[in-house]
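The letters A, B, C and D name the chains in turn, as written, and every chain counts its residues from 1.
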Amino acid sequence: MPHDALRPLDAPGGAPLLPQHPFDADGDKLREECGVFGVIGVTEASNFVALGLHALQHRGQEAGGIVTHDPENGFNQARRMGLVRDNFTSADMMAQLPGGLGIGHVRYSTAGSKGQTAIRDVQPFFGEFSMGGAAIAHNGNITNAVALRRELIERGSIFQSSSDSECIIHLMARSMGRSIPDRMEEALRKVEGAFSVVAMTDSALIGCRDPLGVRPLVLGKLGDSWVLASETCALDIVGADFIREIAAGEMVVITATSGVQSHFPFRTAKPRFCIFEHVYFSRPDSILGGRSVYETREAIGRELAKEAPVDADLVCPVPDSGTPAAIGFSLQSGIPYAMGIIRNQYMGRTFIEPSEQIRNMGVRLKLNVNRALIRGKRVILVDDSVVRGTTSQKIKEMILEAGAAEVHFRIASPPTQWPCFYGVDTPERDKLLAATMTEDEMRDHLGVDSLKFISLDGLYRAVGQAQGRDNASPQYCDACFSGDYPVAPSDMIDRGFVTKTAAE
Amino acid sequence: MPHDALRPLDAPGGAPLLPQHPFDADGDKLREECGVFGVIGVTEASNFVALGLHALQHRGQEAGGIVTHDPENGFNQARRMGLVRDNFTSADMMAQLPGGLGIGHVRYSTAGSKGQTAIRDVQPFFGEFSMGGAAIAHNGNITNAVALRRELIERGSIFQSSSDSECIIHLMARSMGRSIPDRMEEALRKVEGAFSVVAMTDSALIGCRDPLGVRPLVLGKLGDSWVLASETCALDIVGADFIREIAAGEMVVITATSGVQSHFPFRTAKPRFCIFEHVYFSRPDSILGGRSVYETREAIGRELAKEAPVDADLVCPVPDSGTPAAIGFSLQSGIPYAMGIIRNQYMGRTFIEPSEQIRNMGVRLKLNVNRALIRGKRVILVDDSVVRGTTSQKIKEMILEAGAAEVHFRIASPPTQWPCFYGVDTPERDKLLAATMTEDEMRDHLGVDSLKFISLDGLYRAVGQAQGRDNASPQYCDACFSGDYPVAPSDMIDRGFVTKTAAE
Amino acid sequence: MPHDALRPLDAPGGAPLLPQHPFDADGDKLREECGVFGVIGVTEASNFVALGLHALQHRGQEAGGIVTHDPENGFNQARRMGLVRDNFTSADMMAQLPGGLGIGHVRYSTAGSKGQTAIRDVQPFFGEFSMGGAAIAHNGNITNAVALRRELIERGSIFQSSSDSECIIHLMARSMGRSIPDRMEEALRKVEGAFSVVAMTDSALIGCRDPLGVRPLVLGKLGDSWVLASETCALDIVGADFIREIAAGEMVVITATSGVQSHFPFRTAKPRFCIFEHVYFSRPDSILGGRSVYETREAIGRELAKEAPVDADLVCPVPDSGTPAAIGFSLQSGIPYAMGIIRNQYMGRTFIEPSEQIRNMGVRLKLNVNRALIRGKRVILVDDSVVRGTTSQKIKEMILEAGAAEVHFRIASPPTQWPCFYGVDTPERDKLLAATMTEDEMRDHLGVDSLKFISLDGLYRAVGQAQGRDNASPQYCDACFSGDYPVAPSDMIDRGFVTKTAAE
Amino acid sequence: MPHDALRPLDAPGGAPLLPQHPFDADGDKLREECGVFGVIGVTEASNFVALGLHALQHRGQEAGGIVTHDPENGFNQARRMGLVRDNFTSADMMAQLPGGLGIGHVRYSTAGSKGQTAIRDVQPFFGEFSMGGAAIAHNGNITNAVALRRELIERGSIFQSSSDSECIIHLMARSMGRSIPDRMEEALRKVEGAFSVVAMTDSALIGCRDPLGVRPLVLGKLGDSWVLASETCALDIVGADFIREIAAGEMVVITATSGVQSHFPFRTAKPRFCIFEHVYFSRPDSILGGRSVYETREAIGRELAKEAPVDADLVCPVPDSGTPAAIGFSLQSGIPYAMGIIRNQYMGRTFIEPSEQIRNMGVRLKLNVNRALIRGKRVILVDDSVVRGTTSQKIKEMILEAGAAEVHFRIASPPTQWPCFYGVDTPERDKLLAATMTEDEMRDHLGVDSLKFISLDGLYRAVGQAQGRDNASPQYCDACFSGDYPVAPSDMIDRGFVTKTAAE
């Protein structure tokens, strides 16, 4: 921000205990920043939204919010730090969110404000316009948010949050469009980056994906009511049928009377969906591109076994995200699959480690090696990705301490070399292990017997592109692996960030 | 609001337990809506602000907020439901509010949103402008807020609260003034009504009173630092010397380097300070017009004893606000002063009364009659005002049940017949007992042996106007007694409210 | 305790914020340790007990507990740290305490364990005996508790609290009495000291006072139901009629079928009620010895004005406990009564004072001097007692800083020279100002123009003993003034404490 | 209890939200009731105990407690409802539990008092004896607790909890033994049933297993300090080496000076360890009988594949406890292993289901079927056990709804036909599906294509008894499968319960 920022302390009850991603001892995972959900035409929308957000909790665990509308009370809003199950399950809370139309949001904080998120940064955001109110929830990242914010402030807008998403509602407020969908279209046309938006007026549910369709958004149907959600697993939990994905660049406006009305307000572009959703972000029981994410990950494991075979006694996943790829690796290679590392299922929040005597305990709090199983064995460890490398290091140590004869890492994604600007929380480039080392250097750095990443083409094959990556016109956004950014990250370029594309 | 309002549930931990005004069983007291405090030039502004707000807690007990600024962290804000002592006394909280410049606010909700106040309605409000941030806290009421809000929304402002005060910051955002004090001047010139504002930039403390000076604001000095506060009792608690009142229509801008700079940005008007501050709102140890509020109230009691003498055995105050006037009445009349009604000092929050068997217990939870003292006595009860009359009714019953021979009410203010639109929470006109009955009718309604209010002239004499009220050009705002509104309440007139002045 | 004590941390949510006695900046007041209440024959006993305890909150503000019994659920118990209004007012809590018979208790911690009270130390205590359960609540202090505890532990009793009162329930458990009242009699005959006990079985409410009747206990009636309470103000709040005091040494057993049955299980003794209950502990609206405590305190003030007159301009109470005596002093002397010191009614819990800059602020947080009133005046300050003298010191400084011409202290009790062992929390003897200085030395130490305590005979006259104290056989327990302990404090004597009586 | 029970509501903050066992929608899992941990000779015992209890959290999630001892403060105790990570991880809490010697306990409530557990029922229990204090924590169940409790109450003991374990400390209190270990021996000799006890004095850590060694207890070493724990996974988390299991009937007394002293105070008996610990209770990374629990479970799966083969496309575990057996089944049968059911890792507490519209959602909140994977497939589902059968029913429905062609259940334990009286929470006999139906009837009841349980001999083989079960003198306690109770459940027999052994 150009000036002194406001450091708001509105979170109730002091510093919130941030629930951590399971097994992410050192912030050594990429984090999806958001999940969105909306429903229209049911009797108690708040229940549906709470359930849907619960199913999307893996996409954001720091905070959540729900807005509903009913004719008697108008718009009702509740936003809370923490998990859905801890905030949105009481009858009392649900009674305060009446109405048959509602949207919701779960979120991580962005890198900059980690640990200081205030209630005011929690979506959905609400704005009152001359023709009525609207609430909006957003998954993705606006790459020209800094510039937009500066411009809006100069024209007299008062920002209440530090969220990039608030720009959208201010752009809508300043639009001269006659209807809220018109204003949203106008606003989104000024916005660059990746966005899957779920919004509502007092009578309509609205969904929209950016022209490249970087973030997911699906449509479901339950009787006469309609559901929008980031992933199909959120349709399953409420018993809705999966109808289709919202297309890249599509906006749908859903009302009780007219059903789903679709149009395409943006200039045409070839879709480039985030390939990392297949590797890690989405839940294994969600369906992407017509196939279960689990099967895709198993296929990644098979591909990896073909590309980088190794003689060993056991294939073990790094729990939990490495599991499907490890199963695929085992099935392809014939090497037995085993749970060599056990996760403590009661982990979640940060455990303190106050004394010198028990330092470096981070990983042991969450994981324990199956010593009797591992001793003397040649072990293949399958993990989804390597970000900073700190976790891989600790797991290797645990496995060796337990007496493994050999340790071979197989990684279900190509080397992560570039930060994401489209809604994923990544470290700065120089903190990415693969941005500073070759594969061999990483192997030596980690001190393992072998280390292999799947190739970019292999990954494309596993997600169903039999010919691999079309380098002339890639089928997915793979900027984190390739540095090929489909949307120029304007704010970052203003700050001097040089993309691979720009540099070459 | 013109459209569906947002019903925000952001208050942490479910519905807040609203601390009640001491002995206000039925919302039967007028309530000051706010207290403000600011300090510049100390080492830990947050401590000073917390102490000052604690001393002003009687002006607003529902919520409080503090903003500070320090060069390292910029602006820091914390807002909480509940009392200062429960929210702003931990070292942890104070550590989150660093800096040597800070302002704060305590508030009641306005009548409309009672019990639904959200954190977002709690002041100070903060806005980020192109030349930097500013925070603002406001005591009073903007009488054209509805019209201003409608206009601002039409031009694209997004309101985040239901507070009338938020208009000020949006007006500032849209101003083209080069400095924040310039923008504040411009904004306040568009605002009608009563306001005592305390605001801050990153380097200046600003205070301003409306042209009539309806609400109080005083200036204090402590070493090299400066303090602004609603009442002098807040100067006492931090050890600051009382320098002077901020004049009606004056704006002061205080910086570390230039000290206090004063100017008068509004058109000149004869000041009309709220006379009810003398009767009830201000703390008895504060100084108004050069005299302690306690002495003024004692003088009111003396005046009342002269105007409406009665033969009796005891003069008893209705605790706690009737105490100084009862002492004055006793001193003037020679009738012994006694505590015939004892207040339970541990009262505060609403006590439930769940069973039929213990219905109508409201007053007994807070007050108990000194039965042995009252039995067989002729008792004069001195109270500060009669609003709905419900409390007077219950107290009379308690006194008679305890065996009093006679009950005489003496009221330290004239009949309250008109609602206040300048920052005091009053019932609708038809709920005001004195708006619907004569003094004799009220006496019969309450079933007491006599009932007398001080005359308006008597009250003016007691506050130091030896000649009484100057009807041609009244010295005070006494609209609640006279219906003579010094500022036309635009929003209310839009809604069809007819003032006495307008009607005659 | 003879061995390593258990330091239990069962209080929920970390260290409890202890509500302080109003205006007791330095622990400079004597503290009554308990209030008790019981009711039988109503439909919702828990409501009555909660209301009664609320009215007795001044007798103990650290914690409270309630036990009820209903045929379906048996005994129900809830104990909480904090005030009654904060813990026992929700419909939810009341629903968990069903039944028409119940008892309750409010408490201070004893001196030793201050600030470490655990839930397990909160009364009522419950015990299950072979003939059924019983709950017991106790106001007073057992002077041979250490010896009893040691003996009981040697015989195999497991203590769960650090409270002296737990001895009673263990003595009952070991009794071979056939009924619970029989066992209670047997237990209480082994107990030395002061006790007013309220207890219950599944069908009876029991009350008992020690042979000297040191602590108060009264009987009330409400329709067909019966109430026991420490003070009559707790009868008033539930609308019960005051029937009589339970006599010294009396035990009453009250059942729905047989009403109140009374007997006297102890050896006869001349009653010696605590005279300090008249001076300070009891609420001014309670009735002791047929007269309101307020009237007694006013009479103390009159007596003080006769014994120690002084020429002055104003009589001001030290709020709140000095008020009635100040009124009496004013009425007797003709010197006008005025509120020279104003109490902040929102005080309660400890306010932090983190910075050097605002040190020594303790008193100012709670009290403020009415500067405009005090300036240039000769002021008589009336307080109830002087314990450590620290508060008197600070008040004197405030009054002088405000410009008083002279300061005269008048104290409504004789010099407090000896600790109480009968249920009042007093400092060690060498911390009592009056134990180490003469009246003149205290005057010089405090730096005031004059300082006078009421004489012991004067106090006796004010409480209704026209002839003053009968030194041969004193009518009251006045050990804190005289060192004449009516019950030898065995445990203390074991530790080497020498009473005046024993010494002479 | 023979009389009216006390229903204590001491749990802070109203009814505790009970964390549920992962995926136990209907209480359809057997629940281990406790885990114990103790350490001596470290600098901050509380950290070690908290970590150890965290690793044992699967053995009890309702509440936890820690007692430590340090020379300065004596014994320190904290007990809380909820998870270790939520209660025992703050520096503040740890600072209140100083000392180098400590024990801890995690627990489920017993069947009877489910949902009403009070803090007072949470272990470790503490007792003060004439020679000093002792704390005790207990895993197991005392089968003559009702009779012991009745006897102890008749002799004057006051029970503070409803826990059977409290008997031990009262028996110790009444013992005339000179030392605490002597008293514990004497007490435990009077106790029948299953117990693994960890206890402490001010200088010794004590461990003891019942004569049959039904519940586990292991000894670990970390430098010069010693650790006792229910399972080896709790040694791993603190970095301690696994030394050996405490033997059946062994008592160890460990001091800083003398190290581990072992003796065998009970009459000799052939050990009969709980075979269900291998199947379900223990963590897969713990070592039992020299082999990892994971490997044993994999072996159960292999054995099951041999005993009950079936032609199918996929082997899927019911997460999470069926996983190792499913892997074993896959490895033996060659049928591919796949995650057909995905668990929501953010589940934990009960999610409300307020509306009709979303009824029967229980399982969907926690599990989702991998529809795309399952469709058209013949699926083998491997689960650890069938208790009530309600969960199996729901999972079958989910799988069929997802379009599976065939569903085959394979269960990694024999039919559960008898309740456990040795520390496991089982439904009454008539609620156990296998107690009322044959295997074929269960298959039809569940409506699956086939259903097979492992045989009792097969299970014995899988845990390492090559010859299967020695029916003349069984090697394990398998009463839940066989009805062969190694210790007669006295209290239950008093109530008319007829065991198979007794009946035959």
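By definition in this document, a residue touches a chain if its C-beta (ideal position, glycine included) is under 8 Å from a C-beta of that chain, and two chains touch if they have at least 3 such contacts.
If you're wondering where the values come from, they're calculated on a predicted model, not measured in any experiment.
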Given chain A and chain D, the chains that contact each of them: none
Chain C-chain D separation of Cα centroids, rounded to whole Å: 49
Intercentroid distance (Cα basis), chain D paired with chain B, Å: 61
Chain centre separation in whole Å, for chain C relative to chain B (CA means): 37
Pairs of chains in contact (touch as defined earlier), listed by label: A-B, A-D, B-C, C-D
Residues on chain D engaged by chain C in the complex (per definition of touch): 1-10, 12-14, 69, 73-79, 92-93, 96-97, 119-120, 126-133, 150, 153-160, 169-170, 173-175, 202
Chain B-touching residues of chain C, taken from the complex the two chains share: 22, 42-44, 47-48, 51, 54-55, 57-58, 61, 83-86, 89-91, 94, 233, 236-239, 283-285, 287, 290-292, 294-295, 298, 320, 323-324, 327, 330-331, 336-339, 342, 344-355, 357-358, 361, 364-365, 368-373
